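Two complexes, one shared chain (chain A), two partners (chain B, chain C).
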Partner chain A sequence: MKGKKKYQPWLYSSPAMILIGIIIVFPILYTGFISLTNMNLFHWLDYRVIGLENFKRALFKVDSGFLKALLTTLLWTAVNMALQLVLSYFIALGLNAPGLKLRRLYKTLLMFPWAMPAYVSILLWRVGMFNTEFGLFNKCLSALGLSKVNFLSENIPAFLSCMILNLWMALPFMIMMIDGALQSIDKCYYESAKLDGAGFWKQNLHITIPFIKPIMAPAVIMTTFTTFKQFDIFYLLTMQKGAYTGATIQTIITYAHQNAFVSNNYGLSSAVSIIIFGIIIALSLFTNRGVKETGEMALRKKGGAYDKA
Partner chain B sequence: MTKHKVRKAVGYSVLNLVFLCLCFLGLIPILYALSLSLSSGGGALSSGITFLPSNPTLDNFKAIITEEPFLIWLKNSFILSLGTMVIAMGVSVEAAYAFSRFRFPGRGGVLKLLLLLNAFPQILSMFALFRLFKELGLLNRHLGLILIYAGSMCIFGIWNMKGYFDTIPLEIEEASKIDGAGNLKLLAAVILPLARPAIIVTSVMILIFVWNEYLFATTFMLSEGSYSLAGGLYQLQTGDYGRSWSMFSAAAILVSIPILIIFFFIQKYMVSGLTSGGVKG
Partner chain C sequence: MKKIVKAMLCVLLIMSLAGCSRNNTVSSVKEPEVTGSETGENQDSKEATETKPVELKIWHDGDEAIMGIIQTSLNESLKDKKITVNFEKKAGLTDQIKLYGTDAANGPDMYLYAHDSVGMFAEMGILAPITDVIGDESLSELLPMTVQAGTYKEKKYQLPVYFETLLFLYNKDLWKGEVPNTTEELYQYMKENTDTAAGTYAVVNQHSTAYNVSPFINGFGGFILSAEGEPGLNNAATKEAIDYNKKFAALQADGDYNTVTTLFNEGKAAAIIGGPWLISGIKEAGINLGYKSLADFTLPNGRNLAPFAGVQGVCVMKYAAEAKKDAIGEVLKTLAGKELGAELAKKSNCAPANVKAYEDTEVAANEMVVTMKQTAETAQPMPNIPQLTVMWAPTESLLAAVNKSGEDLDKAADKYQQEALTAIADMQ
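Right, the complex of A and B next:
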């Protein structure tokens, strides 16, 4: 009886474990193996193990592009997170103004970009907003008598375009989270602050922000990870199969994807993947305290859809 | 009317105006797509900016359904979603139950490992999976994609349902155990009905995930007949613009509507789940 009990949980979880083993764990290990070989299109079957060559190439050869991609990714994450936090903080504050009657309507309308399937949103923006011929931005420009701009053909405008799109897609989530956090603050703090003569900024600085900080921490960590891993926007906006727009921005993830599926440089791509795995593990351990909740929430957010890529 | 009151009223009018503008700005891409999908053929090419097509027509919707293999894509998406849901839920319910109810060596470790695995962007091991599936002959087949989706959503399922199982009091189980129910019977007869809300939300999220996934769908499905909605839309949009752009808008709206409905339906569970998770920490 005792022996049977011991195996029971494993028996129950074995189908799931086997599936995860085949679909998640094995490919990661296999990626690790490929990273040590010179596998590419010409060496599809007769590849050989070349040790850490690929890692050296990615990390120490500046022209491999990986370091540049890493810098781009860090810049992307920092700028996006800063903008997202500031903007959604003020929007959420506005939503919580006590006399705002149409609050529910605004909330619902603001949620739409979050609810749309991500790839549909991105493709809609690509052709509906940024396109040179039919895009709304360019229609506005030409209506004002200005010349049309090809938003996605050069790096800096393309980066900004990606950023605007990312803000459009990610703000609703942040607004919801901050809104939820704001509602958990007891109103009496503000009343006594007002009696003490604290103004708007003082109240925010000394009451609101310290209060929502611990509640927001997991959400912010999670969103930072999501932003760091963002692939869909760059890929669909500027570099779909056979539809390059001219911009050459690479984040580390698009860099790994490009090397695997476009330049067929499987070894290098796998090495880059392993390095990114390492970075993510390090970051996860670094934010250890938040990992449990963060992970749990990352899982819940849109069923991981926004997060998955 | 005091000066203070007037100032307050003005303040709120400004705030309302700001929010109306924000909502409108946020909805522009969607409204624009909607208007294009309703406009007749050359709408996208005309230079005017308007959100109200001059003579609205459903031609684009008709065209996308009759001229393009939209219904086949829809069918494929249904097969993928349902298949994934059945497999992912089928394996993760028992696992979630085991992790919630039994205390056994390795439990905490496995749970942490699962979270860590979930933090990995799966796209990074996509090539390894691609090669593996090529060897196994699973490329271009629904089964292959279903296995990938189920494998990646399985972790989500386990964690999500484990959390809910944890909240079901043990006493209920003990009572039925005394009545002689075995573990599996207990799971089927007692736990599952109690956990129905969690099961529904988890299943719906898996459905949404599959419905929204495009990268694996376009990489692993290579023939037109096996495209899912994502693959099809992707194809439509890379094709010739102009005419096909208004058709693409129509298709995009058709694809989004069920998701929008579901999203707003389960939103309150999602938000409460998210915020309560945050407060707990």
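Right, the complex of A and C next:
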């Protein structure tokens, strides 16, 4: 009986495990194998194993461009996360104001950017908002008698443009998460606080934020990862083939794409992929540990409160 | 109850495993199929000399209407020889060829695509020279430029069918007077007839894409990539051309494809530098369109504008050339003939590679096609060596840096020349 139960879960989950092995594990392993070869345009049929040569080349490609891309990516992640959290927090508070009418309508409209495919959103903004002749922003500027602006031709305005677009696309998720978290807070805390004379800011600082923190932590971590490895906004907005806009902003992923993935050198590209994969895995393990500790601290606090009561 | 649920789960599990097993069985059966297929192909090859039916597959990523014309014409011409040709559209054709380039069972026999990828596929070892299948005499009626376009390391890999290049397209209702014959006069006209604040332009162009700046670069004697694989972004003549192009770019909006085509089609620009791919949109907009060859514009140095040309032609897979040589030979000869070329010109406004096709009275009356042929006298085929695939990014980054970001030309040229050299080195 004991032995039977020991193996049963593996038996039940084996079809799913096989599927995961085929479509996730095998490609990673195959990429690992290719990264040890000299497969490229000139050795398409006669490639051979060359050991860690590709990894050496990939690591030596970490030049000043990469460091600049890394700093840009960190800045991008920090600024976007900060703005996202602040804006979505206050929007969610607004959506939860007592007595608000048409609440569902507002929520539906606010969720719309999330429902659109990213590709469509980005191209619409590029053509409909940022375009020098037909974009909404330039139409407004012209109507005010100001000269037209090419928002995407230099790095700082292009960075800000990408940021605005990213906020537009990413806010719905964060708003929804905070909205859900807010609804889970017991109203009696606010009533007690109000009786004790707490104002808006004190209520938020001591009740709302601590209560939503455990729920928001995973969402923030997930969004941080997504923002860190952003590729589509920068690529589609500023560096589409045949449509370079002049900005030379590079994130880590766009840098890797430009320097490794267009050369038809699959060995080198695979090595770069494996390195990026390793970096992300390391970050993932690090953040998982962080979440675990946060959870434990929360439990201890809860226990303490219980003890006091 | 618990036992019943367990039993049901076990049954479902076994059914799933049986499903997987079935898939495995199918995949193992495929192996003999491949062998059988190869045997069948060898048999077809032998029987071809006895006029047995042969079916050939040609992959493409082009206009369905054009491919339909070619397919219909080919099958009509080769009916007596019992050869059937099927064109299949494959989006992302270059990636598909990489995947199936050595797969005789699932890959194509030939593909029809632009010539600039010939070097890449030849270097991969998956193409056969067309001279393995047909003699040089079959190419004698073709424009030399188009044959040269598909030649890599002295071997002819591509049979040209038609070519594309840039033209000066103008709105006859908006253009004032005659179109000038020199670039300086054109620039003067642009200065007098462009109001960027109001959004009206004399001429628009994708002024920061390599293909659309090539008329200047080639005309000044510069180059993006030499035949030996050397980038020329900081070559003196190239820089001179980019600097000259910059003053035109300042009067041509932001140079984005969507922007410039919309400006022209909406009548806010009187002229556009573009190719045959723009014609359908222009006709839909109801514009009274005029054509002028870029070869008719003279630069300050006395030379003429010399745009890139893209040649659309057929390449033969190595395995197909070995197995279906005679049938493929017949197809290539028919593709090289003047009848097909004339048909393409009449029905699709393509500029045929066959010189004699232009003698057809209807073709000779087609203004756009004749203008394209005229341009072929100075047009340069795009480089076809594999290194071209990594040259677009640094070249267009350089053009965008100079035209859109206001970067210093010399610094930018040196920077992107270095980037190009690095990218080429990374290919090995």
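Basically, the second predicted complex is superposed on the first by the 209 of 309 C-alpha atoms of A that agree within 3 Å, B and C clash if a C-alpha of one lies under 4 Å from a C-alpha of the other, contacts with A are read in each partner's own complex, and residues count from 1 in each chain.
By definition in this document, a residue touches a chain if its C-beta (ideal position, glycine included) is under 8 Å from a C-beta of that chain, and two chains touch if they have at least 3 such contacts.
As the structure is a computational prediction, the values presented were derived from the model and not from experiment.
Trainee: Could you look at A:23 and tell me whether it touches chain B, chain C, both or neither (first, second, both, neither)?
Mentor: In the superposition, A:23 contacts chain B only.
Trainee: According to the stated criteria, A:124 is in contact with first (chain B), second (chain C), both, or neither; which is it?
Mentor: In the superposed model, A:124 contacts chain B only, not chain C.
Trainee: Considering only touches as defined above, state whether A:134 meets chain B (first), chain C (second), both or neither.
Mentor: Both partners.
Trainee: Check the residue A:85 against both partner chains and state whether it touches chain B (first), chain C (second), both, or neither.
Mentor: Neither partner.
Trainee: Identify the partner contact of A:243: answer first if only chain B is touched, second if only chain C is, both if each is, neither if none is.
Mentor: After superposing on A, A:243 lies in contact with both chain B and chain C.
Trainee: Scan A:149 for contacts with chain B and chain C and give back first, second, both or neither.
Mentor: Neither partner.
Trainee: More residues of chain A in touch with chain C or with chain B?
Mentor: Touching more of chain A: B.
Trainee: Touching A:260 in the superposition: chain B (first), chain C (second), both, neither?
Mentor: Both partners, chain B and chain C.
Trainee: Should A:15 be classified as contacting the first partner (chain B), the second (chain C), both, or neither?
Mentor: Touch status of A:15: both partners.
Trainee: Now for A:42: first (chain B), second (chain C), both, or neither, which partner does it touch?
Mentor: After superposing on A, A:42 lies in contact with chain C but is clear of chain B.
Trainee: Which residues form the common part of the chain A surface touched by chain B and by chain C?
Mentor: In chain A, positions 12, 15, 127, 131, 133-134, 142, 241-243, 260 sit in both the chain B and chain C interfaces.
Trainee: Which stretch or stretches of chain B touch chain A in the complex?
Mentor: 8, 12, 15-16, 18-19, 22-23, 26-30, 32-33, 36, 44-45, 47-49, 87, 90-92, 94-95, 97-99, 102, 104, 107, 110, 112, 114-129, 131-132, 147-148, 150-156, 158-160, 163, 183, 204-206, 208-209, 211-215, 218-219, 230, 233-234, 237-238, 241-242, 245, 248-249, 252, 255-256, 259-260, 263-264, 267, 270-271, 273-275, 277-281
Trainee: Under the touch definition given earlier, write down the residues of chain C that touch chain A in their complex.
Mentor: Interface residues on chain C, with respect to chain A: 9, 13, 16-17, 20, 101-102, 120, 123-126, 196-197, 199, 206, 208-209, 211, 253-254, 256-259, 262-263, 268, 386, 389-390, 392-393, 396-397, 399-401, 403-405, 422-423, 426-428.
Trainee: For the complex, give me every residue of chain A touching chain C.
Mentor: Listed in rising order, the residues are 11-12, 15, 18, 40-42, 44-45, 57, 127, 131-134, 142, 147-148, 150, 153-154, 241-248, 258-260, 262-265, 268.
Trainee: In the complex, go through chain A and note every residue touching chain B.
Mentor: 6, 8-10, 12-13, 15-17, 19-20, 22-28, 30-31, 34, 91, 94-95, 97, 99-100, 102, 106, 108-121, 123-129, 131, 133-134, 136, 139-140, 142-143, 168, 172, 176-177, 180-181, 184, 214-219, 225, 229, 231-232, 235, 240-243, 253, 256-257, 260-261, 266, 269-270, 273, 276-277, 280-281, 284, 289-293, 295-305, 308-309
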